[in-house]
Amino acid sequence: MNFLAIIRSRPLSGLLCLIFSIASFISLQLNVINDYALNPFIVIIIAIVSLIFFVIRQQGLFLLSICFVALFSGAWSVLNLIHSFDKSVVMGLDAWLLVSALWFLTWNNLVQLSALKTKNKLIELSLTIIIPVLFGAWIFFLWEVITIGMSVPQVLLPAPSLIWQVFDGFGATLFADFYQTFVRSAIPGFIMGSGTGFLVAIAADKIPFLRRGLIPIGNFFSAIPIIGMAPIMIMWFGFDWQSKAAVVAIMTFFPMMVNTLSGLNETDRIDRDLLHTYASSYWRELFSLRLPNAMPFILNALKINSTFAMIGAIVAEFFGTPIVGMGFRISAEVGRMNIDIVWATIAVAAVTGSMFYGVFALLERKLTFWHPSMRKS
Amino acid sequence: MNESSSINSKEPAIIDINNLCLTFETQTEPVHALSDINLQVNSGDFVSLIGPSGCGKTTLLRVIADLEKPTSGSISVEGKTPNQARLDRAYGYVFQTPALLPWRNIEANIHLPLEMSGYSKDEQKSLSNQYLSLVGLSGFEKKYPWQLSGGMQQRVSIARALSFDPDMLLMDEPFGALDEITRDRLNEELLRLWEQTKKTVVFVTHSIPEAVFLSSKIVVMSARPGKIINVIETNFPKDRNLDIRESKEFLKVSQLVREGLKEGHSDGS
Amino acid sequence: MEANRLFSILIGGTIGPVVILVTAIIMIWYAGAVYLNSSFLIDRYEKNNIEWTFSQLASDSWSMERPVLPSPHQIAKELKKTIWDKKITSPRSLVFHSRVTLSSAMVGFVMGTFLGIVLSVGIVYVPALDRTLMPWIITSQTIPILAIAPMIVVVLGSMGIIGLVPKAMISTYLCFFPVVVGMVKGLRSPSILLVDLMNSYSASKVEVFWKLRLPASLPYLFASLKVAIALSVVGAIVAELPAGAQGGLGARLLSGSYYGQTSLIWAALITASVISATLVTIVGRMERAVNNRMGLQI
């Protein structure tokens, strides 16, 4: 049959979107008693758009942007619907079907966007941003719809909109926690740990005896759960930020030492010979050749350490803190079942962590642009 | 022929090697990399060291450059110990690979030895311009090494070796990794540079045509133990070009070198 | 000559420097124990008007009941007491706690590896997955996931999921990142030349996967597994931190810190380190065997 062949040649997600939006429309018509109903107009639009997508195989940027508009209006209407609910109401079948239809439309969109080939650097860059952002936005949308639409108890998982509200009333506390954990504990510990790790690596590189001894010990220490040192550090340095900074310093010391050492060992024989023919001094060779060569390793250690610093500071607070700090907030509010505050704190930690990491990722691009792994991309 | 090299010269040799031996201690048995080497290089010479791999030609170059220490015998470079010559930056060394630092652009790569010799920023700038144009790479100052072809990279490394105006150029198979067409072109360029700058060049190669084309003196070596078999002087005009490779004289010298290599081979095994 | 040889053994190899450095660390430890415990002891001497000498101070600070820093031999005694002298089923036995931690770490490690491999295959073969998931996987590595582990355990507990599963889920979550990243790299590692060779045999996608991509990815997989297995132990320990956990080295750490029993903390910590290092060594051995088999010398 010709018809079957046509269907086969089309993306499955387009067909599924069409089926689900029609089903949603039918269920909307059958379900007349429900007070909360979708706007039928939007459902029809989604169905039409999915039909277009199903029929037209080559989807250019213009069609895709129409699809975006349809997606957003669909999502908007679903969000409007669930936010008009009373507490106990569960979302109707029509809306669930529409959400499924929207997902297939999104997926179709993502596939189409991923397949786009362009030589324009600006479009390419915006694609690499838009595609994951679209996917991430979809996850948040689904989170919101499921938690509210199925009235999931707040204790289990609060909706993103509820978490967002925490920033309004609770912002000052969240900032104080951020200040205590990130600025006072994580950063000083990070600087101390990475700094001493770097200096010890330089010393160990100069003295072969130290190097041979420290590499196995360093490898051993990087395998062990250093986070367990937290209660001991609290005993030594007290409850305040000093003990957390100490934990972070120990956690960040070994990755920096091990990475810097292997980076310094990476230097080619021929490059060292070259500097030797210039009668260069040890320090000259270190600064002109070996440290630049070790830069990719050092930045890698800084990237690893940036996440370790956040983890160390927060987990160390589980063992005891003054009544401020992100780790304290998480454990205290979990106890009081204020899960929305916990999630807000996690959001702060996530954003801080990513930005801290991002700084070093950017620095890596700037400083090691010459490295083969950077040149390709 | 061996004697002629030292008898002809009136000035003292710029490199003077007598009874030099070098033995590497390995776990199984000692390796005699160089055995009883006697060689005099005069100022302005273009000397090629040629031989099969493992004959110690690179090792000999590295001894001259103070990158290896001889086990016995004597060597003087410009009347000094190799170590003192290195500290005085008497030579520019060109390696088998360009050995350019990837995080420095072309200009900054040439500045590297200049920085260490204490040149001012302005002098560095003008010297790098001067030598880049000498090797025909003007306009590439701001490029990075990995944006250049292999032949261009090796030209940069020659410019770098010349930039601080050393008396000698030590070259360790500098064109070995390049294709033959590029290699021919660079050979002609090198000859022109030698003529212009009047440097003394010691050049390691395993290509007979390359050695014969470039050199004023060809040192033929053999392996196990590494020793000198023969020293052949050539007498081609200084402004020669690649066409000379068709000439009878050229073929005769090539034949001489080939026989020397063969002799060394039968000796060795 | 003999003395020279001894010296070169001490300085030259790896074992000599390691032994010397470890000895130095232990000596510093003893000195540190005196330093950290002294203020308490001196207070006590002065209160009771006891004349004291330095040697007395040292021996007292190495045998305190609740020291700030226990001396190595006190920790060794604690380890012997809790590993050999107690029955393994007793909640005071470290073997019992190690088993609790180890089992959730292992379950998490296996699940995380499986999840990671499945995801990486999806990412390598479906371009849309590559562009949607990969950025998020990289971003999520920058988020301090470990820090919210106890909360996840509590939330799952309120849903009725308790025991090994929530802890294993934390380990799973930590493990799958390095596996995905390593496997994606590994599955993409075969050169175009080799892929072309396979194409010249008109190999199917499935054949290219089993005969080329998967074998080529093994070295990358094992390099990732070494990271993942250490993370799985850390994940299991941190997941045991919320109050009420019945067992595990994490719970042991926490109770030690509540009651100020430092030697208990140190004993748990050292046990955790030994477990972790042993696991990493085992994976490392496997890695070396695989690399040798594949002709890679690392």
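First chain written, first letter: the chains are A, B and C, and each begins at residue 1.
The working rule: a contact is a pair of C-beta atoms (placed from the backbone, for glycine too) under 8 Å apart; a residue touches a chain by one contact, two chains touch by 3 or more.
If you're wondering where the values come from, they're calculated on a predicted model, not measured in any experiment.
The touch graph of the protein chains shown is a line.
Using the average of C-alpha coordinates as each chain's centre, B ends up farthest from subunit A.
With centres set at the average Cα position, the gap from subunit A to subunit C is 24 Å. Subunit B and subunit C, compared by their mean Cα positions, are separated by 54 Å.
Note: centroid distance subunit A to subunit B, computed from Cα atoms, is 55 Å. For subunit A, the set of residues that touch two or more other chains is empty. Put simply, subunit C touches subunit A in their complex at residues 11, 13-14, 16-18, 20-22, 36, 68-69, 127-128, 130-136, 139, 141-148, 150-151, 154-155, 158-159, 230, 233-234, 237-238, 241-242, 249-250, 253-254, 256-257, 260, 262, 265-266, 268-269, 272-273, 276-277, 280. If you check the complex, the residues on subunit A that touch subunit B are 268, 270-271, 273-274, 276-280, 284, 288-289, 292, 295, 368-372, 375.
Across the complex, subunit A meets subunit C through its residues 107, 110-111, 113-115, 127-128, 131-132, 134-136, 155-157, 209-210, 212-217, 220, 222-225, 227-232, 234-236, 306-307, 310-311, 314-315, 318-320, 326-327, 330-331, 334, 339, 342, 346, 349-350, 353-354, 356-358. By the touch criterion stated above, subunit B contacts subunit A in their complex at residues 65-67, 86-87, 89, 91-93, 95-97, 99, 101-103, 112-113, 115-117, 144, 146.
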